[in-house]
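Here come two complexes built around subunit A, the first alongside subunit B, the second alongside subunit C.
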Partner chain A sequence: MRDANSTGRAERMSDLHPAEPENATASLSSDGGVSVLTLSGELDLATVADIQRSVDAIAAQAPEHLVIDLTGVTFMDSSGIALLLQIAEPRSRTELRNPTPLIRRVLEMTGLTEILPIVP
Partner chain B sequence: MTSQRSFPATAGSIREARRFVLDQLPQVADAMREQVGLIVSELVTNAIVHASSSYTVALDLEPQTLTLEVADQGNGLPFPADAPPPPDQHHGRGLLIVTQLATEWGVKQHSGDPGKTVWVKLPLSPRGRRASTEPSGNSAHGISLPRGSSPSGQSGSESNPTARLRLAA
Partner chain C sequence: MRPHRGTVAVVVLGLVVTAALAFGADVSYQHSQRRLTSLQTKLTANALNATPIDFERRLGQVAGVVANSADPQGAFRRLIAPSMKPSGPFSSASLIRVNGNKTAFLAHVGTPPIRNVQGPVATALYLRTAKSHDLVTARAVGHGIQKLGYLMSATGSAGTFVVSGAQALPQHEVLPVAADSPYAGLNIAIYFGATTSRDALVASTSAKLPSGAYVSKAVVPFGTTKLTVVASPRTALAGSLTSALPWAVAAAGLAMTALVALLVERLIRRERRAEQLASQNDALYQQQRDVAITLQRALLPKDFPVIEGVECAGAYLPGTSGTEVGGDWYSVVEADGGGTYFVVGDISGRGVEAAALMAQLRFTIRTLAMLGHDPADILERASAEIDFSATKRFATVVVGVIDNDQRLKVASAGHLPPLLVDADDVGYLEITPGPPLGIRSFHYETVSVPLAPGTTVIAFTDGLVETRSASLDEGLERLRRAAAAHGRSDLERLAGLLTDDLIPDGTEDDVAVLLVRCGVAVDQPPAEPSAEAPVAGALDAGRELDGASGTHV
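The block that comes next holds the complex of A and B.
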């Protein structure tokens, strides 16, 4: 399990070397009794496919209430949104933490802030 | 300034296409760069998923406006949904996002050979000026829904890809 707090967005960006494309990652942790799925990297068609299996495995064992931490997600397009919806669909409550302003805006414009509410 | 590059029909090329465009926009504010990257990603993902096609990304950078073009070999024409799809529909939001972020976009069918070019226009905010996070365009600002959706929308008899891309702008 990775320490989500050690990989802030700015830090990851500055660590990024052009010759080493940033891969997406997914990990599960517990924060004060709440299960947190931490995603990181750039989420597009390719990287969502890369992490699909591990996200499926995490989602299968995670409880009904899940927080998805997006602090380390530097980019997300509609393929990433599809992944979030797939995680949220079978759950009673799925919340997002710390999306970029643009990701937040995209969720608003696509009418998804009810099924994927953003929490502090 | 106009430049273009072709990419294979692989998911891994999506990030490369974003990089190609953003590398040419060093003077553009970060918030706008993020939007441009998102639009590029949505357009080229459509080329790969719906057209199963290699594609060419072109950009034309003017002082106030960026024009992006993605040409592929698919014949299907893109139409955004009238309203956001329901949450149980996981896909189908890409063009909705493009419509919300762009000033104007449209599509032009190629003539003489298969394929189409989707073009998008965006206002540019230079680095250092506050970049708006408000929608830069909506239906009240003359969004151009897909053109060329009927045979009458086809351009002339251009067969040179470069010229065709320029026409599409």
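The block that comes next holds the complex of A and C.
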């Protein structure tokens, strides 16, 4: 049990995704007057903890209307969903953009698209 | 605290090496001290040996002339004069004629003799000299002075004559030695003859006679007798460094030993401490994990309610990724007005707070189910129990009810749809989930479908189907296939088969699976146990599939 805890995760990730970066990133830009928060990488418990502070800082300066671009997000678990909800929570309008089919499916299955609409 | 064995070993090794090196340095010092002393002593002795040759020449010449002179006494006085002090070496000189066994003392110059020149000792000396062709040496002591006498004889036309010259020295003379002299490092004593008795001491370089471990002796001929030179080093002859070297080596060795021992002890202590901490951490981790699992178990239903015609099985597998308690749960509730409710939920995140929220939601939903509320209504009301903006947590929940008319009604708050397994088909319930609970109030929808008797409803949390290596749909499809393969199995066995198939090595996330089968009483053979009986069997099956988790029926 202990072994699984200390090394299992890293092994599993390197086994399955040898070439993909494990880190998640977040950046803010503007697209035709709309603020766009671009997330990328795998959004899970570990990576979300890593980018939480930068996301908080970005979210604090972002306006009421925010578009979250998910083009580069390759994996998302409940930690990633919590991150999206957290960004959206204080805002009057938050939309999601460009999720991959896999991520779109996760968003639909968790009912998130009901409150965070996916826009083209 | 007692020092560690390793430190003791280092100290012992250090001391042994230090002792060996110091001993080696000391042996080398002693050897060089002995060798140098011996060398210096021989050099000193050789220098003394050279002296009589000059005396032999001076006295021999005088004796030769006197023996052939018509005026032996006049010739003696004239010829001996240059050899007398202060220009020459002698303080006194005498001329003796020897005729057979008779001696006649003819002349004397310089300091008076200290011995009776007519006495038997003197007479014997003269006679001995007359027979010798070499320099005869003698020593006389008296009146606080010593005289070293040198005698030569010659026989000529005038007869046989002995010429004697003497050096007067204070008894036990201490010779001054300049600090830069080659003899400065030694205590030297010169003895007349081959003995080193106090009486025979002619001169020394210090009142302190040679002594100690490095005394060296050399004997050299001195006329007809001998001189013995004895010397001992006053200082380290090869330099003061050589004598200090063994001590320096010992001191450096001890210092190094102490330093290394200190370092080793510190390192060992640090490592021990780290090991201790690590083992404590291990124990603590295991303890926390055990507590987490125990708490989780405590919050799950011990026994499912006994509902006629309904069979239930559940499995909970703790995730492998941490010590904290997860927020997955399941419930089965029989409504007061009839109908079997089933609930599977998952609080985001982990920890005691998640578990507390889970307990709160679970009991709220149970109560609402008991009162017979519609699933969508239950979700809408339960959503108020959890507030994402305050806790940063949300919950995905699926609530279903199999009513008295064999209809399945389900509502989902962001939860994966239940899988339906009947005799003809295996497929997921088509349902559009609303958002997870806790985000904002929402109007959930209840989907209602007819249920064939014996249909198995499988509700689960995402840990069962979510993997990094495959998409969610692939995971769902794997579960569907596994259910199709094992769907006819006994319910508690099915729970184990599904978790075995989908997550054979466990998973990071917690997993909760709930299976409900309705209208089974119709198909059951008479020998099949009643609704209560499967409890024991289910526990056994649960232990078989995972020793740490239980399966409840």
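One rule holds in what follows: the second predicted complex is superposed on the first by the 100 of 120 C-alpha atoms of A that agree within 3 Å, B and C clash if a C-alpha of one lies under 4 Å from a C-alpha of the other, contacts with A are read in each partner's own complex, and residues count from 1 in each chain.
Note that in this section contacts are C-beta pairs under 8 Å (C-beta built on N, C-alpha and C of every residue); 3 or more make two chains touch, one makes a residue touch a chain.
Because the structure is a prediction, the values reported are computed rather than measured.
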Partner chain(s) touched by A:Ala49 [first = subunit B, second = subunit C, both, neither]: first
First (subunit B), second (subunit C), both or neither touched by A:Arg91: neither
Overlapping contact positions on subunit A, where the subunit C interface meets the subunit B interface: 42, 45, 75, 77-79, 81-82, 85-86, 89, 101-102, 105-106, 109-112, 114-115
Residue ranges of subunit A in contact with subunit B within the complex: 18, 21, 42, 44-47, 49, 75, 77-79, 81-82, 85-86, 88-89, 100-102, 105-106, 109-112, 114-115
Residue ranges of subunit A in contact with subunit C within the complex: 1-2, 4-5, 8-9, 12-13, 16-17, 42, 45, 75, 77-79, 81-82, 85-86, 89-90, 101-102, 105-106, 108-112, 114-115
Subunit B - residues contacting subunit A, complex: 10-12, 14-15, 18-19, 31, 34-35, 37-38, 41-42, 45, 48-49, 83-84, 87-88, 90-91, 93-94, 96-97, 100, 133, 135
Residues of subunit C touching subunit A in the complex: 282, 285-286, 289, 320-323, 346, 348-349, 388-389, 392-394, 396, 412-417, 432-436, 439-440, 442, 462, 466, 468-469, 471-473, 506, 508-509
